[in-house]
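Two complexes follow with chain A in common, the first pairing it with chain B and the second with chain C.
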Partner chain A sequence: MNIIVLLSAGRDPHAGTPRPVPVELQAIALALRLAPATTITGLHAGEPDPSVLDALGHGLTTLTLLLTNPANDPLAALAAEIDRARPDLVLAGRRGRGGTDSGLLPYRLARARAMPIAADAIAIEPDGNDLAILQSLPRGARRRLTLARPAIVTIHEAAPPARAFAYRARRNGTIHEKPGIPAPSPTDNHEIRPYRQRPRLIAETTQPTTAGHLMLAPTPETAAAAVLAYVEQFRRR
Partner chain B sequence: MAFGALVLLAWLLLAGVAIQAARLGLLWRHGAGASVDWLGGLRALPRRYLVDVHAVVARKPASSVMHQAIAGGLLAATALLLLAAIPALFAAALYWLLIALAFAVALFGAVLVRRRRVPVRPASLSAGAFLTLPTYLGAYAAGGLIATSLPGVAGLLGVAVAAFGGIGLVAQITGGPMRHAVAGALHLAAHPRPARFAGSAASGLAPLDLDATRLGVGTIDDFAWNRLLGFDACIQCGRCEEACPAFAAGQPLNPKALIQDFCAANRKDGATYAGSPHPGIASPGPVLGVLHGETLWSCTTCRACVAACPMMIEHVDAVIDIRRNLTLEHGAAPGKADAALAALRYAGNTGGFAPTQRLDFAAGLKLRVLAPGEAVDTLLWLGDGAFDRRYGATLRALIGIMRAAGLDFAVLGPAERDCGDLARRLGDEAGFARLARANVALLGTIRFTRIVTADPHALHVLRQEYQAFGGHYTVVHHTALIDELITANRITLGPASDTVITYHDPCYLGRYNRETAAPRRVLAHLTGRAVEMARAREASFCCGGGGGAPVTDIPGKQRIPDLRMEQARETGASMVAVACPGCTAMLEGVVGPRPLVRDIAELVHEALQ
Partner chain C sequence: MIRRDPRAERDAMVVSRTPRLRLDRTHRGGTLLAPAGAPVTAPTPIHIAEPTFLEFAVIEAAGGALNRHDRQVIGAARTLAGRDAAVVVLTPPLAAQAPDAIGTAGGDRTITLPTPTYDPERNAQLIAQAIIDHAPRHVVFPESADGGDLARRVAALTDAVLFAGAESLTPTQVIRPAQAGRVELRATPPRLISIAPDRIAPYHGTPHAADPLPAPDVAATPGGIRAATTLAVDAATIPLDQAPLVIAAGNGVTDFAGFLDLARALGATPGASRVVCDAGALPRALQVGASGTVLNAECYIALGISGAPQHLQGIGTVEHIVAINTDLHAAIIARAGLAIIADAQDVMQALRAML
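Let's look at the complex of A and B:
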């Protein structure tokens, strides 16, 4: 089986340094259960980012780099490479995690190539000409799916652990560099602003509540008055 | 006639020794190349044997007497016999009296050798060929004594008995205990770390060529030939086994069996080992065809075995060499090692924390953080203990002491990275080299006269192991700094308490850097009732926190810190003074009623006036 694992230029969530996306490394481990290492290729559109190259240390032996500006939209370059390589299965991470990894890319790719896509797989097995997928659902629930090949599958963190990093494999891995297809980023005209913690909205319940009401951006005076009124309930009489 | 036959026997035995030594030499040639200063080594051999080796042997006085009698008697008698080929000496009656005396000493020695295992063989001593050794030794010595003192047929009978013993001994050179005599002498001359005889306490870990085809030791032939020679020098005296904390805790590591595994791996006929095995694991294993990975990952790199070995064998360097292969080529470090190494690779610290969190422990202290180009007298190296709130308390105490003394000091803050100790001990030499280069480059951007650290692991790496990366620094442990401040009257302590305190030597301070006096001097200012554990100073028992053991977490029957705490309890101490973040964490992790664990910096800070 011919498998492509999509790799993103991940970032360490704490240090901000280039770091492979953990769930993509789990995708490599899952691919290695399905097929020999020689039929598995890592694929990245962008620059030779250390985070992508480090995936070679986790069981991947070959990596195709489509050289584009990292600010570009990688979709066209990736779609063209998938047309050329004709994989049976494309594996990807499931959501953005702070690097250039976008949770939408696998879906855009599936739409662009009219391939079926399944999300949050924790196990994949060949099933005749199809793929049997075990999907992770919230609260530990599992669901079996069958997908026709070729398909795109995103991997869930509950999948088996990634292979440990081995320096020699990272050093000896093969990297194929190819020119990518430049395309403007679909996010170029988006507004980018720092993340702001939003108050959590809790659905109204029918049960009578004894405490608390939500105040959005109150003035200091009204907030203080509310706190005092609340504390007043507990005052010893 | 008996005299002539005896001299002939001595020369024939010498020829036998030469043939057997050559056969051993062929085995050692399997090993990788190593540059050895033969001339210097051979010149230093008598001193290394008589001073360095016997200083270790003499820690057990009975063994010392035994070895002096048997080795001295045997060598003297045989050497004198060889020289008796000179007619003038052959004719001298007094000369033969001397030979008889030497044989008598050797016979006494042979009796002592036998008494080591008879009637009761201690668990740390091997059986097998060692049980026949006293017979051969005794036969050679007794036969020689008879041949030199009795005339006629009795004398000739003595030669026959000596021949039986001598041939038995020579036969034991390739496969038995007598290998120790030949390999031991050559090992002392061609030692892989000759600096240790000059008092250097560093380890023999050289940076790896990371572009090499083979990384670390993956087969027995990857060891340098003089390491293979060193393994063959082992006489299986079991002192490493008695010293090893992992063995004591029932983890699958016996340093003595480990060295014998290496010897077996270098031979086709395999194992003839008859001592205690690696606890709880069936030999042989897959690593080098003889070992299990668990055996290698159990090592805390405390070097208690190296310090205890009278043959100066370097067990720990061999363990790290194989770990390098396991980690760099196979990613085989078990447990949480891969996660810790990834955290080091990407976040620059073992916990994967944001670099800015390194200063969280010092909230409100307004520490001076050095920017590139700035200068300071004392650089305080925080180490990865800074991320731990418990050790943060120790660092706050140390900072309080340094402020009280009016020291000009600063920290690197978020720019500081882990020193790489964990990466190197876990075999990730690539990760260590990356951290070392980054830290050396960072330290090159600022000016300081010395580094003070409260972490002995960082101290050792900065002081000894960064030299290969171009970093040469004066590094002072905080206990040495406090000692210096007290002596110079820059801080004044209140009156000593009457708390019974025992001091636990960190391996990387005591054994790796031979600093055992300063902490004790400081402790003497704090309490009038300092007591010593049975295993202290260079014989200290590890807390179990070194060498990445807490992340690889190989199960045993007991935990190493529990054993150490039990040793502390036996002294009757109500407090254990420590001087290392690893020891603090390991010993404080001991559950149940136990002595308090406090860092020396905390005790001094409380006693400040």
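Let's look at the complex of A and C:
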């Protein structure tokens, strides 16, 4: 299986220094479970950022760099490279960490290439001509999807851990540099400020609200029936 | 020089003038019981017949009921809409008791998306068509797992930029973190916004009247997601802080093997109060409260727990609480949606027998 792992220029949340995005390294580890390392390529559009090159130390052997201005929209360059390489599977992290961090690019890429997309995978297996994907949902729930190939899959933080960094692998990895396609970024007239922590809402339920239903000394059977009826009303199916 | 206005100060303190003048000098703003004999009238729902513009709120409504995040999404759309615009709530089919929940949460119209199974591609097409049909100023999504996925699909379909994970929202400005959470982006609210959980307040004003609108009509096309099945999850393996339904034992429980058996039969994650963990009856990892785990559950069943302040901190965000206790004056009884004054051990055995 021919796999492309999309890599983005990551930043450390505290220091702001270049640091690979952890969930993208997990995507590499997941790809290595599916296919031999020689069929897996990292893909990045932008400058040769140290955070992207460091992915070579985490199990990746080949990296394709599409050289464009990092302020540009990478969609056109990535779409053209995917057209050329014809991968069976494109993996990406569910969110970047260091750019706009909106997690939108894989979806735009899927739309541009008319590929199906599934989010938040923690395990991927080939299933005939399709892909069987295990999706991580909140509250420990899991969903199994069958996805047509070729597909784009974003990886969740609950996926298996990334491979440890190996300096020799980082030095020996192959880097193909190609010119990218310059494209203006979608208009965003944002004002950028240092992040300010804002308080989360405290649930209004911390205050004693309107009186609930009160049962005084019912029989255990009546009480049990009331509890079951109440719980069934509110529990998730 | 600011001069005091004693008359205005006194007017602000007036709680009621009939049958006699009552003043609240503490400014605690407590509510008073209505005078005896006065009829209690529910406020008339606000009906916006001819809205100046529309705002969309796309909710997840898992299990057919609105959760906290869904109400925050409708509240955000309500903030953007103001008084004269209508909030259109796009929702999967709701359970029978939920339709007026939309009006209470601040929605004026409802569009039910007729998607029986998990099909985000189809839902995105329907929402994109609804955006073309109704031309809302903004579309607000929840930044949850499925809600965030749907928001990005709609953004890709409509070729729009998504303002993902907004943490602050007013009609003129919306703010979200970026660059690994080191900076924040501020902008005038764009077309598509998704809001982070527990950041934007839900609507608490007079309920609105929610009328149904016809669902958008799009021909179904075969999508890339061929099949989807949600897997059964063992409640005992869910981390306590993520569990949707928690049953906890306190000092009123003596049979802990029976308690764990009941939790398994009910499909609930077991928890415990500090007293029980201190006594070694249940492992420390199950402790609920300030020095244990703070829950995010939707429903909590407290068996023989009196509700110490530290315990109530641990269940601060839980909306639906069942308390079974022999003490009518225990703190948890005031906090519970269903309070039962009975011996927890007896009720536990009756519950186990019914399952």
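FYI, the second predicted complex is superposed on the first by the 181 of 237 C-alpha atoms of A that agree within 3 Å, B and C clash if a C-alpha of one lies under 4 Å from a C-alpha of the other, contacts with A are read in each partner's own complex, and residues count from 1 in each chain.
In this section, a residue touches a chain if its C-beta (ideal position, glycine included) is under 8 Å from a C-beta of that chain, and two chains touch if they have at least 3 such contacts.
On a predicted model such as this, the values are computed, not experimentally measured, just so you know.
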{"item": "Chain B versus chain C as contact partner of A:Arg193, first or second or both or neither", "value": "second"}
{"item": "Contacts of A:Arg163 with chain B and chain C, given as first, second, both or neither", "value": "first"}
{"item": "Chain B versus chain C as contact partner of A:Leu145, first or second or both or neither", "value": "second"}
{"item": "Touched partner set for A:Tyr230, first chain B, second chain C, both or neither", "value": "second"}
{"item": "Most chain A residues touched (candidates chain B, chain C)", "value": "C"}
{"item": "Contacts of A:Thr38 with chain B and chain C, given as first, second, both or neither", "value": "neither"}
{"item": "Partner chain in contact with A:Asn129 - chain B first, chain C second, else both or neither", "value": "neither"}
{"item": "Shared contact residues on chain A - chain B and chain C", "value": "12"}
{"item": "Chain A partner contacts - residues on chain C that touch it in the complex", "value": "62-65, 68, 72, 97, 118, 121, 144-146, 148-149, 152-153, 155-157, 161-165, 167-168, 177-188, 198-201, 223-231, 233, 237-239, 242-245, 266-267, 298-299, 301, 312, 316-322, 324, 328, 333-343, 346-347, 349-351, 353-355"}
{"item": "Contacting residues of chain A [partner chain B, same complex]", "value": "12, 14-15, 17-19, 54, 57-58, 163-169, 171"}
{"item": "Chain C contact footprint on chain A (complex, rising order)", "value": "10-13, 16, 97-104, 106-108, 110-111, 115-120, 130, 136-148, 151, 186-196, 198, 200-203, 205-206, 208, 211-218, 220-221, 223-228, 230-231, 233-237"}
{"item": "Chain B to chain A touching residues, read off their complex", "value": "210-211, 215, 327-333, 337-338, 341-342, 345-348, 352-355, 357, 428, 430-431"}
